Each structure stands twice: as structure tokens, then as C-alpha cells.
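Encoded as C-alpha cells, here's the structure I'll be asking about.
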Amino acid sequence: MCALRSEEMILNVGPQHPSTHGVFRLVVTIDGEQIVDADPVVGYLHRGTEKLAEDLQYVQIIPYTDRLDYVASMLNNYALCHTVEYALDLEVPARAEYLRIIVMELQRVASHLLFLGTYLLDLGAMSPFLYAFQEREQIIMLFNEICGARLTYNYMRVGGVQWDAPPGWIEKVRDFTAQMQKKVPMYHQLVTGNEIFLNRVRGIGVISQEDGIAYAMSGINLRSTGFNWDLRKNRPYSIYDQFEWAVPVGKNGDCFDRYFIHLQEIEQSLNIVAQAVERVPDGPIIGKVPKLVRVPAGEYYRGIEGARGELGVYLVSDGKDKPYRLKLRRPSFVNLQILRKLLIGQSMANLIAILGAVDIVLGEVDA
Amino acid sequence: MFGIFKGLGVTFGQMTKKKVTLQYPDVRINMPERYRGIHQFIPELCIVCNQCARICPTDCISLSGTRNEDKKLRIDTYDINFEICILCDLCVEVCPTEAILMTPRFELASYTRDELYKDMEWLYGNHLGEFGSHEQAMAAQAAREAEHAAAAAANGVEPGGDS
Amino acid sequence: MLYANAFIFTVLFLVVGMALPIGALAVLGPLLRPNRPSAGKTATYESGVEPVGDARARYNVRYYLYALLFVVFDVEILFLYPWAVEYHHLGLFGFTEMIVFIVLLTVGLIYAWRKKVLEWN
Amino acid sequence: MFFGMPLTGQTVSFFLLALLIIASGVMLMTLTKVMHMAVALAGVFLGVAGIFILLGADFVGMAQILVYAGAITILMVFALMLTQKGDDTESPEASTGRSLLTLLGVVVFTGIMLLVLRGTTWPYSQSAVDPYTQPTVVLIAQSLYHTYTIPFELLSLILTAALVGSVVIARKED
Amino acid sequence: MTGLAWLVPVLPLAAYVLLLIGGRRLAEGAVTSIAVLAVAASFVISLAIMIQVALHGPQPAVTFPWLVLGSATISFGFEVTSLNAMMLVMVSFVSALVLLFSRGYMRGDARFARFYQYLSLFVFAMLGLVITSNLLEFYIFWELVGVCSYLLVGFWYFKPEAAAAAKKAFIVTRIGDVGLFVGMILLYLGFHTMNFDTIFYGQAVSSPYTMAHGAPALLFAAHALTGPGIHALPYGLAPAAFVTLTALLVFVGAVGKSAQFPLHVWLPDAMEGPTPVSALIHAATMVAAGVYLVARMFPLFQASPAASDVVAIVGGFTAILAALIGLTQHDIKRVIAYSTVSQLGYMMLALGVGAYVSGIFHLMTHAFFKALLFLTAGSVIHAVETQDLFEMGGLRKLMPLTNAAFLAGALALSGIPPFAGFWSKDEILSAAFSSGNYVLYAVGLIAAFCTAFYIFRVYFLTFGGEYKGDRHPHEGGLAMTIPLTALAVMATVAGFFNTPWAPWIANFLQDRGAVGYDPAVNWGLMVVSAVVGLAGIGLAYYAYGAPGRAQRMAQKSGFLYTLSFNKFYFDELYDRIVTRPIRAIAEALGFVDRWIIDGLVRLVSGGVYTGGAGLRYGNTGQIQTYGLVTLFGVAVLLIIAAGIGGVL
Amino acid sequence: MALQPFLALGAILFAIGAYGALTKRNLIIVLISLEMMLNAANINLVAFSHFGKTPHVAGQVFALFIIALGAAEVAVGLGILLAFFRMRNSADVKDASAMKW
Amino acid sequence: MFSWQATPLRPLTLLGMLIGVVVVLALVLGIVTYLIYFERKVIGWMQGRIGPNRVGPLGLLQSVADVLKLLIKEDIIPANADRALFLLAPVIAFVPSFMVLAVIPYTASHIFTANLNVGLLYYIALSSLTILGIVMAGWASNNKYSLLGGMRSAAQMISYEIPLGLSVLGVVMLAGSLNLVTIVQHQATDRFGWYIIPQIIGFVVFMIAALAELNRTPFDLPEAESELVAGYFTEYSGFRFAFFMLSEYVYVFAISALATTLFLGGWAGPFLPSWLWFAIKTSAIIFFLFWVRATMPRMRGDQLMSFAWKVLIPVALFNVVLTGALSLIG
């Protein structure tokens, strides 16, 4: 209804705005409280990672990947290493694979916790943010112990990992996993059952399955539409096929589904970690890798299930020690494209709910 | 309706829980051994092989050395620009002599950018902590590492990587 | 005249209530505060970019309809108060009277409801 | 003595309030920005509420604040927001000649009224009711719900009609 | 119950309003129910009122001041007298049945609801006219009745004849209304009041007859001419002349409404309307209004012997004239229409000779049997879809119930004992006889003979012999047969309400006092009138029992037949002596009007227009300008007021 | 205090309102002015309920009624104004000269 | 005891009253200061944090420090703002918030209380004036966020003023007075005791509406940080901002005090002095407000409005009818 055509107003949400979680700018045209048009402006954080990579040895690229999705660095590390290993057809020692699985799934938990916290903060609830950060802090401390960094881990190497687990670390992870598994219901009590929260996210920002596929979405955004697509299952890599776990899938494709799948994935990831810590084998943590990695000439693509969707690395090599071209498929960037479609016709309040639930990380979007 | 009350119960229950806040300047997180803080450079050990400068993804290390009378290269200058250093640990990884190390120190705030440009002198003196000199620090570290190696051996784990 | 004392008391609240902000803002403020305006400082905030267009655009009608409902219901409340005060003495007659009043206005509310005035979109 | 009246607190209050009302009213007529007018309007309404209270009609005074200063002013503000363009000044007034003519008429009118007021002997008998012992609310309630039952019920009808009518008009396009 | 009397007219009005609002959306059955129920309720109330009046006597008038004009107050209100009460019962009874009948007759008409609207309004007007207590109100209802008859007669306005007939009815009755209006004004000037009671008795009394033992008419005369507080009569008229003049003027109104000679021409033409309308107009409402007027003003006529004589003579002449015309008409409804004119003449005759009760009684019985005749005629027309007598026949076997009903009505009309008409007509004739007006008695007798003849002519042509049409006539539905049955019963037995040995109505109307002339029972006259009726029937049987005989009779009567067939050339006569000269004058005047008067007017209007065009610039639609002007106006008024009040 | 000052104040307020209602071109301001005139009337009512020959609370009751009616008037008036504005895209009295549209 | 209520107005009485007002002002400023501290502490505890603890012992002087900071902070008036209204708005927002405190009966000897017969209506009428200040602030800033926030705020506050006004009607019906002092006295003698028992529906509606009137979580849309930055006071800084904060927290106190008065028996209670009882009850309500804030996410605008009009108002009306019917029977 808009009996009276009020004047449209152009409002800049971002780059300096609390709810864009970074330097994201959304130029919305509003009519009263209703969004008539939304134009995402990206690039405030662009560093030219892909171009820089062309001038770097493979090992040097790894620290750069840390800075893509900076809340899920481990997964980024892995994507690159995995691609290079694939290109080299390299065997990775079992212990290294287990350590990788453990840190990757812990990383996924940490990333999802961060999503939960910030999403609820966007929706006006303060406490879950702090609770989520308490849990995340424990994971970060675990990472800190294993690789010496809290955010930009630079942990993986082509053919394995850089560090072995310090003494007692595996036990710590085991304890944490058990403790965290008990914590998850608290979130359901605090958040999932809250009618106010439900009213805000149910049926909001609905992505249809067709749209999800058409926009090449992936990850939770795609799974929330009911499309069962998880690369860990669908195109297995690493040793995921050795664990018992399920892929949570939504029904409606709305913000609630996206929120809820995040929580369920935390549970599933913890599940994987719990299985993995029981079976970590002994052995080397890095395979037989030449001192200077030279990828045979050719084109290689590997995609892994990142925290936000399919994180793909497309590598073109001319046989030198540096890639000829490195293209990164950043899930946040791809998922972001649907934003305009989701936002048009919504109210300003829904903007926040939708933007938050699409869950973008600007480091990844801008690369 | 009950969802709201459940939530109220959760928050109320949290009131009595242990607080996680650390009084930061007074209390600090005990950074783990592997923590990748600000570098420490030990000129005595440096053979001026330039590997660290080459591996550095951001080219923040610059060094120069002169050939000594005994044909050995001696380090003259060793600067790290912390404006662009990403503390990735690669330089430490490649250093054949462990002349460059990373310390648990992470505080690097300064009022001007220039101050972030650290020279050999500063890097050498970085993070001596309670130790009076570098030698003492080295000895302590060696002791710690031996300890760890023993512990690792006790766990039946090969010390891996570059350790 | 004694009852007026109560109102004089409230007037004193008004006076003191106005004195505080005026004193703090107009008298004390300039003495304590620096005042060095610059173009950057006095620019309007809009997420760190130059604002596009004027903020004082014509505004949507939705709020207006709420205000309209509000005015009508405010009057209703106003007339409910004397009734509530005197309710014990009015008895069944007063009760019926008010039921009629409330029902009529509820009809209006339901009408607005059905007309989707109460919906945001 | 003040204007022929004993200088009591009541007199002083009256003149202060009258000053507020008239000043706000004149401001309302002379200001150009519509939002400023809304503020002046609130001034008028609050002043009138003060006058009511001064006259011992505390309930009516509160009603005045609640309905006029609270509700109607806000509604006016919304309406102004709705209809004013970005340029927020009032459209130019009527021609000067016409304004002067109106002013003349108004002044003549007021003058006569004041003269008549002065020239008339008013029966004087102050309200014996002390609102302290007998709250005006109660008196109003007794009057409203017994003597004026029918107007009261009609009022609800009018309010409903106004509600429905304005909703219909305001939402015509749907 | 009399306090509720106002409900009697209001209920049909409510039905009218209801139908006006929702008629279009309602089904035919619902429309009928609304109207019939309303009128039936009126009937029930009327009946209750009548019983109450019979038991407790009339009730005082209920009046409300309406207009205060200087010292005079015009009030409005209602009163219940015995006359009223009876009229109410009769009107509402017949109306209810007619309304019910229309359900069948008008079935499927596109403007069914509209028809019921008009009928309801008509009933309302008539009931209001009956119940009112003052002359002005009476006149308003009187005109409303006229309007309704116009609407109803012209209901099928797309038929040119119907439209013309409606116009004719309206204009002709209007001529009478002028007389009534002038009479009314004269009465007002004489008495400074419009209330019947006050005019007649100088004070508000419920019924003149209860307190005026013996000679109410004289009381009126005394009051009118010499009573205290009597104002000087207008125009310096002598009291006797005043009374006669007003009486005659009022009678002119009655002549127009009741279709008396010479204003009878509209009534037969009004047959163009739907038949239920005819039944209503002819039996209970419109034409009865004229008779009711005379009855209501009876003291006035009593006070003026000259006026009474005029009434009697006009009535008698009309009776015979219409009866003669009725002998030869081909249209079934026209025959019945002329019979109505004729019977109304009887009533006037009765009132003219002072037989108040007889006149009213005949009005009542006539209402029943005439309504019956019209409704049966309607039933017949509905069945055979023609109005020409010579295209019918043989319906006795095809429509037995209608046949029986028509027969009852015809017998009643003919004055055959013991049917209703016999008793009332006989009373009139004996009143005429015993009051010494032998000529009028003879005229009435001849008219009675003619009446019997023409109605049975219709009967034999319609029901006797063989059916000549090519349709399959059959009885109408229940809605049509119920009213027929009810009316047939009434037409048969209504006469017993006032037999010489049980004069209930006389007692009721006179209410222990005597009004008008009360003839003694004369058995001889009764036998004579019965025989005359039978003779008429016999002649009709003779003429129309065998085919061809009628033609021969017509040829033999030659000139007379033509005269009768052409209604004595009244319409042509009026055309010659009234319409054409008037048209000529009108054209001459038209020229004057167009060029001289209009020229002046155009000059004026042109000036006004030019002035208006100029002033239009002041009429800008700018509310503020208006407000400003108002402000100055108020200021000026204030100055003046203050000046007068001595403040300035 | 006497009655006259209050009546005088009412008259002056009324005059101000009348001036606004007659000269202002923005319909909303005109409405506002009308409200002021209603307020002026209310002052008189309440004044007479306090002073006068027979002080009675009825004056206050009527003031209440006027307040309520004023609210209703504003609601409908602004509704009409909106309709007008939608039609003409203007809130100017000058444009509201047609008797119907 | 000195009671200005029953003393004819003399300069001395006036002085006494003035002192009373100033005392209230000082108390309120102190209360607000520690209200903010209390809120931060409570919410901190609920989030596993400590809360302010640096300035002064236990961080007790934190709010004082904040106020001082605001006081000496530069007063920035945006170039595009409507200067006059921009300056006026905080005053208009603050004054009514302070004025409503005049009618709250804090103690049994209501020396700081204007014993108004229309006390409750006074509160509701005055508090509705704040909306004007907020709208003005939003409009005068000439900032889109401010405008949106101001408008939202106004729409929300007016919408919830209706259920607020309706919810207290049950209390008025039981007490038969609009005088807050009388209402408290009635609660002492009423057979149901505190009105929270017979008026539980009214109390719930009142609390919800109060939360909304205060623009607090879950109804803090107008100043929804993640959407509108800071709503109507986005452009305000320094002490002008402080006055918005101040009025907000004065309202927190005032509405809690009102809830105490209306539903919790006001100052009444055994053993302890009356003012302490009042303080305890009010603190409980205030704690509840903070607790809710720590827990709830924010509602969305349309839900907020529908909630007021489709749920609260019908429920409040039902409560009125129910109370009327019950007291007719009983």
C-alpha cells in the first residue's frame, strides 16, 4: 500500500554502518520504510589477491588466503593446498589429514558461532553475541596453540600441515567438543524458541530453490532452500567419507532456515571432530614435497565446502613455481548477488535480517 | 510465549556464572609457545642467506650484509617494516640458522608509522623479557624445547615440521 | 486554593526542568566545551559517504494512519478515565453505557483492521 | 494592582500564560518553516491547558495536553511531513493586500469584542467547588454519564465515523 | 388502540420507504409480503380501532402544532371518529386484498417492486386522508392521492393511451381541486383554523355527533354564523351565502375526485392502468375520497339546503348518465368504470338528500362489490388477454370460481336481495323517495334498471355462451383467488350490516344520535327496486342469451345507441367548447407572452446574467475569501448589535 | 481574578486563529488555525464554568466534547487533505477551489 | 512535619517546594547515573562479563566519568540541521520526563509529591509530549537515519500510549481515583491487596507498553543500532546527546515508579521505611527491564505496530470490560 506516493530517498547503508560487518556499502532507495531498490557496492576491501598470487610462490600464497574469509582461515588454507596437491597428485599423510579435518571443522564451528553472534546482534539481542564469542574464543585458543595465531593461521602446507598437535592438544579438543555439544541446546533455548526472533526471521528473505541454483549459490544459503548440496558429501575430498555425519537441509529458504542450519552444522561439525579426535593416527604430518613446488602446466579446479559455500580454487599453471593465474571462487561474493532481489520490496528492518542471514564476509567478497 | 521466558531463564542463569573477562593490561593471556608475535632477530646466527627476504610474501624484510675477511657474510642491516608484515611465520620457517624467531609479543601500537619500521637493533633487543641478554634467553628457550621434545617423546609423537 | 499548591509544585518542576538543560547547555556548556567546527565535523552522517538528496523528503503515509488511529483512541481513553473513576457509583447503567462506547470504537478498530491499516505493507 | 486587577499569583500566571498563547499564536502566523509552526502550535495548546488549570479545570487541562498537545500536534507534524516537499517552507502567503484586509477585519472584530466585554456587566460568582475536596473528574463523570449520556454515546459514533471516514478517504487508492 | 391510529397510515408508508430503498434487490414474493403485511397490519389495527370506537365511542383528536403563523397555529394530527374508523377498515381491507391480487396480476413485470411502491404510497395517502384531523393536512393527502393515481394510471407509461389517461385524470381532478382549495381558504378565512372540529363546533371535540344530539348541522350553522369569537366573514359575505359558497366549492373538489358529472370523463380513461389499480381507485380510495369529503363536511352541506340540492341533482344525473353510457360499451373495464361513476352518483344523491348513513353504507358495500368486479375483470383479462367483451365468452366453465365471484358482484351491483348492493341502494332510493324528491327517485330507479342490464350484459357476454378466443383461459394463482373469494363473501353478506331491522352501521355512525336523514322502512319500495333489478337482468338475458338479438336491439334504438356508445359525445363536446377556444386564446396569449412578456423577462434575465457573470468573479470557490467576507459581515453585525445594545 | 480577562484572551486567540484560517495557504496551517479557534471557544466555556452566574461543571464537559470533536475534525480534515493532495499534489488552499472533483 | 500541601502559599512555602523540587532533581540525577551503571553491570553479568570496574571503586564512578566526558565534549551542530529546533529538541524531550516525577508518591509522607487529583492523567499527558521532542530531533538533524528513527519512534510511542492508557484503567476503576496517592492508599485496604493480583492482565499490558514507550529492547527500533545507527539522536553529541539519554533513563525510573505505585502497592510494606520499600519495588521493576534487554532480540516495525493494535489494545479493552463486569458481580 502506498496510497500517497512519498518521495523516494536514497540512503547509504555502509560503508561505515554497524550492520554491514565491514566495509560493505548498500545504496538503498527507500520509500518511507520500504526498499524500492538496493544496489550493493563492493570493493572497499579489494587487495587484488588473485593478481598478487601470480607473483608469489605457492607457499607464499597461503598467508594471503588467510585473509579471504578471515573468520574461516583454515578452510581457505586448505582449499589452496588441496588444489596444489591435486595438481601435483600428491599423497597427504593420514595424520596430517586428520589434523586438517579437526581444525577445519573446528574452524567451521567458530565461523558459524560468529555468524550466530553477529546475526543476533543485528537483530538486537546482545547476549547471544557474547555467549557465542566465549565459545569461539576457546576454539581460537586451540588454534593459537597449534599454529601460533588467533586469526590468520597459515597452518596448512602443500602436502600436509605445518605443525603437529602440541602435547595434550588432542585431549583439549576432545574436552572442548564434548563441552560444546552440551552448549548448543542453550542457544535453542535462548534464541530458537524466542517468538520475537522467530517473527523476525520466519518467512523473511525467502530464496527459492530455482533462484538459489540460478544465482549459483552454495553452502547454507543453498541448503536452506532444501537443496541437498554439500561438497563434503557430493564431491568428497579429504577423508570426510570416513565419518558418520549428516547434511542439515532447510525447507523454506528463509532466514530462519539459514540460522537453524548454522546451528545444526555446528552440531554436525562437532560430531565429525569428536569422531576424528578418537582416531588420529601417528605418523608424519607432511608428505614428500619438493622444496620448491612447481605445478605441472595445466588447469586445475578444486572446490571445497567452505564455511559459506563452495570455496573453489582455479589454478592455471605454466609449470613454473608461481601460478600463471589463480582464480578464487569466493562463496560470499557469489551469494551476495541475490541480495538485490531479496531486498526489493522489503522494509528497512528486514534489510538487516536478510543481509545478516546471507552471511557475507567482506574479506572474501572483495578479495 | 514460553520461548521468551526460557530465554529469560538462560540470561538469568548466566548472572551467577564465572566471568570470562580478562583485565587486559593487568592480566594477559598466556600466549602459547608457538605464538607468532613480533620477530626477534639474532644477528650472530644470521648467515645473510637472504631466504627470509625472498620468502616473505609482502617483502617487508630487507637486509644487507658484507663479506667478512673470513669470507663469511656478516649482517649489516636487517629491517622489518611492520606496517606490512603479516606475521606469517614463513621467514622463520625458511631460516636455516634460526636467526629470526617469533616472540609472544603482540603489542605494536604506535603513534606514527615511522615507528613501525624496526631495525636490527630493535629486533635484536625485542622480547628479552626477564632475560638480561640474548644468550640467557636462548638458553632458556633451548631448555624449554628440550622439555617439550621429551614430553612429545613421552607421548610417542615425532617432533614434526621444522622443530 | 490549597489544591493549587500541587500545580504550583509541578510548575516548579517545569521551571527547574527547563533550568537544568538551559543551564547545562547554554551556560555551562560554552565554558567547558571546545567549539571548533569544521566541514568534516558538521557534515551529516550517512555511513561515511556524502548524503544523497535531502532527508526532509515527503514521508510515507503509513505512520500517518497510525497517528490518525491514535488521535481517535486517545480521545476514547480520555473519556474512559472519568468513567473509571466514577465506576463504583455508576453501576450497571454506567457499565452498559461504556460497553456501547467501547463496542462502537472497537468497530472502528476492526474496520481499520479489515482495511489493513494496521498492516505495515 | 495590575491592569486593574490585584496582583496575585493567579493574575501573574494568567498574564504569563496569555503571553505564551498570544506569542505562540503570532509566531504561528509569522513563521515560515512548517515544523516551527508545529512547535508554536504546541505552545498555544499548552498555554490553553495552563489557562484551564488556572480555572480549576484540571481534568480538561490534562485532556487538552493529552489530545491537543500530544496527539493532534503529532498528527499535524505527520501530515506536514507527508505533504511538504524537501523545501520545508510554507508556500507564500496570500497577497499582501488581502492579508492586510483580513488583519483589518480581525482587528475590528477583536476590538468590538473587547469593547463589548468591557462594556458588559458580568454576573460574578466564583465556582464554589474546591477541586481538592471534590475532584473535578468526579463532577465531570457525574455530569457526563448521567446528564449527557446521549451526547456521550453520539460522540463515540462520531469518533467511529471519523475513524472510518478518514481511513476510507486516506486510503482511497487501494 | 386509538392512540396507535397513526400507525395505520404509517405502516404502508414504511412499506413504501422499504421498497424504495430495497425494492430492486428483493424478490417479488418478498416485495409482496412487505406491502401486504404492512397493509394487513393496518387493517388489523383499523379493525381494533373500530371495535374500540364501537365500544367506547370516538377519541379526541391528537394534534401537534406545526406552523405558527402569527396568531394562527396550523397543527397536524389525527383523530378517530366513527366515520374515520369505518373508512379505515374498509380502505385497508380492500387495499390489502388488491395488493395481494396484484401479486398474481403483475407477476413478471419488470417494475414489479415499483408498482408495489406506488400502491403502498397510494394506500398511505388514502389512509392519511381518512385519518387526518384538519383541512390542510387533508388537502395534502388529497393531492398525494391524486399524484399516486397519476403514477399508477400511467404505470405503463410506454403505452400512449396510458400516458394520456394519466394526464387526463390528473388535470381533470385538478379542476376540482381548485374548487376545494378555494373553499378551504374561504373556510380558513372564516374560522381562522383548519381543524374540522373547530370549524364545525368552535372547539376541539372528538366527535360532533356524540354531543350534538339531534341537530348537529344546526349547531354548526349557529356556531358558524352567530357563535362567539366568530370572525367577520371574508369579503363581507352574508353568512348563508358564505356557507353555500364554501359548500359548493368543496363539492367541486368532490366532483372532480369522485368523477361526477361534468368531470366524470377521466375515470373511464383511467382504465388504461393495470386492473388492480382500477380496482383500488374505483372501489376504495380515490373516488371514495370525494364521497368521504362530502361526508366529512356533512354539517356544512346540512347548513346549506341549496348546496345539498346541487349535490343530490348532480349525483342523480351522474347516476343515470353513466348507467346509460355503460349499456353499450365494448370494453369490460369501461363498463365497470361507468358503473362506478353511476354508483358514485348514487352516493352523492344520498348525501344530497340528507341520507348520510345510506351514502356511507353504499360507499362501503360498493367498495366491496366494485373491487370484486374489477378484480374478477382483472382475472378475466389476465386469462384471455383482451378487454373486448365480444372476444370473450364461455368462461363459466373455464373459470368457475371467477364466474361465481363475478356473479356475486353483479348481483350485488344490480341490487338483488340479499346481496350487499340491494340493501344500500334500496336505502338510498327510499331516502330519495321519502324525502320527497320523486324525480330523483325515478331517475335512481331507471339507473338501477340500466345497471342491472349492463352488468349482466357483461356477465352473459363474458361467461355465457362459447369462448371466442384462441387462448386457454384458466384461474389465476392463489394470490388472485383468495382476494376474489374474500370479496365475494363480503359482497354477498355486507348488506346485512345495516338491514332495516338491524341498523348496526346506522347506530355506529350516528352513535346514539341522529345524523342526516334516516328514512323509515318502506317494504314496498324494497320490492320495487328488487323487481327493477330483476327486470334488468331479464332483459340482459333476453338480449344476450341468444346471439344476434343484441345487434337488432341496438339498431332499433339507433340514435340513442350511438349516443350512448359515444358516451354522449362528452369528450368531443369538451374539445369543442373548452379545449379549442382555450387553445386559440392560448396561442394569442402565447404570442404576447413570447414577444412582449418574454422580451421583458429576457431583458431582466440578461441583465441578471450579465450581473452574475460579473459577480462570478467573487464566487471563486476560495473558502478563505468567503470566510473573509463572513468575518466582515459578522463584524458589521457586531457593530450594529453593540450599537443597539448601547455598548458602543 | 475576574471573568473578562479570560474572555478577552479567548477573543484574541480566536482572532489570531481567524487570521490564520483566512490568510494561510497551506491547508494544514488552516486546519491548525481552526483548532486554535476551537481552543478559544473552550477557554470561554471553561471560564464560564468557573465564573458566572451559576458556575457549573457542564462548561467543562462541553469543553471536553469540543476537544473530542476537534480531534475527529482533525482526523477527517487531514484525511480529506490527503485525498486532495493525492489528486492535486498540492496542499494549497488556492487549488481547492472546485466544489467537487 | 512541614507539609506544603496544606499550607497557604507564602514565600516560605514556595521556597520549601523549590527545595523539594531541587532535591528531587538531584536525586534523579543520581538515580539516573547509577541506573546506567546498574544496567551495564547487570547486563554485563548476564553476558559473562564484569561490567564497568575501572573508574572508582567497583567502577562506581564510571557514569560520572561518562557524564563529565559528555559535558566537555564538543557540541557539534550539523551544518544542514535546522539550528533552532536542533537545539530545542533535547530540552523538549527532557522537561516532560522530569515533570512527570512530580506526581509519583515516593514515600508515605508524600512531601515530594504533587497530590494531584488527575495525577495519573498528568503522567500520561505529559509523557506524550516527549514524542514531539523526538520527532523534532529527528527532523531537525536533517539526517535520514534520524528522520527514520524519529518517525518510527513517534509512531511507536503513540501506538503504545493507547494500551498504556488503557491498561491502567482497571486500577483506576478499582481505586476510583486518578490520584496516585489515593491509589496507593486504596491498595492497602483493598481485599485483593496489591493491584497486581486483580489486575494481572493490566500489569502485563502495562509492562509491555512501558517497554515500548521507553523505546527499550525488544522495542528499541527507533534507535536500532544495526539499522538506524542511533535513530533520532544520530547527529547529537556531547551534552545534547546526554539529555536524550537522561530523559530516557528518567523515564525508565519514572515508569518503574509508576508501575510500583499502580500495581505493587507503592510505598507500602512492613518493617522497612516507606521510601526503602518504594526503592526496592522500583528497583525490581527496573531490574526486570534490564533483564529483558539482555535477553530479547528486537521486534520488527510492522510486528511492533500490529502487536500494539491487534493484541495489546484488544487485551487492554478486554481487561477493562472484565474488571467492570467482575466488580459488578462482586
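Here the chain labels run A, B, C, D, E, F and G in written order, and each chain numbers its own residues starting at 1.
By our rule, a residue touches a chain if its C-beta (ideal position, glycine included) is under 8 Å from a C-beta of that chain, and two chains touch if they have at least 3 such contacts.
Just so it is clear, the structure is predicted and the values come from calculations on it, not from any experiment.
Of the two chain pairs shown, D-E and C-D, the one joined by more C-beta contacts is C-D. A centroid comparison over C-alpha atoms places E as the chain most distant from chain G. When every chain is represented by the mean of its C-alpha atoms, the one lying closest to the mean of all protein C-alpha atoms is C.
When every chain is reduced to the mean of its CA atoms, the largest separation from chain A belongs to E. Distance from the chain B centre to the chain E centre is 123 Å, each centre being the mean of its Cα atoms.
Mean C-alpha position of chain B lies 75 Å from that of chain D. Taking each chain's centre as the average of its CA atoms, chain A and chain E sit 99 Å apart. Chain B and chain G have Cα centroids separated by 53 Å. Counting partner chains per residue, chain C shows two or more touched chains at residues 2-3, 7-8, 46-47, 51, 53-64, 67-72, 74-75, 77-79, 81, 85-86, 109, 112, 116, 119-121.
Residue positions 9, 46-49, 116-117, 121-122, 124, 139, 144-145, 151-152, 154, 158, 161, 177-178, 229, 294-296, 301-302 of chain G are each in touch with at least two other chains. The multi-chain contact residues of chain B, meaning those touching 2 or more other chains, are 4, 7, 10-11, 14, 20. Residues 46-49, 51-53, 55, 57-63, 116, 119-121 of chain C are the ones that touch chain A when the two sit in their complex. Listed in rising order, the residues of chain D touching chain G in the complex are 9, 33, 35-36, 38-39, 42, 58-59, 62-63, 65-66, 69-71, 73-74, 77-78, 81, 131-132, 135-137. Residues 1-9, 11-20, 22-26, 28-29, 31-33, 35-36, 39, 42-43, 46-47, 49-55, 57-58, 60-61, 63-65, 67-76, 78-83, 85-86, 91-92 of chain F are the ones touching chain D in the complex.
The residues of chain G lying in touch with chain C in their complex are 4-9, 13-14, 17-18, 20-22, 24-25, 71-81, 87, 90-91, 94-95, 98-99, 101-103, 114-117, 120-122, 124, 139, 141-147, 151-152, 154-155, 158-159, 161-162, 165-166, 169-170, 172-173, 176-178, 229, 234-235, 238-240, 243, 301-302, 305-306, 309-310, 313-314, 317, 320-321, 324-325, 327-328. Remark: chain G residues 42, 45-50, 291-292, 294-296 touch chain B in the complex.
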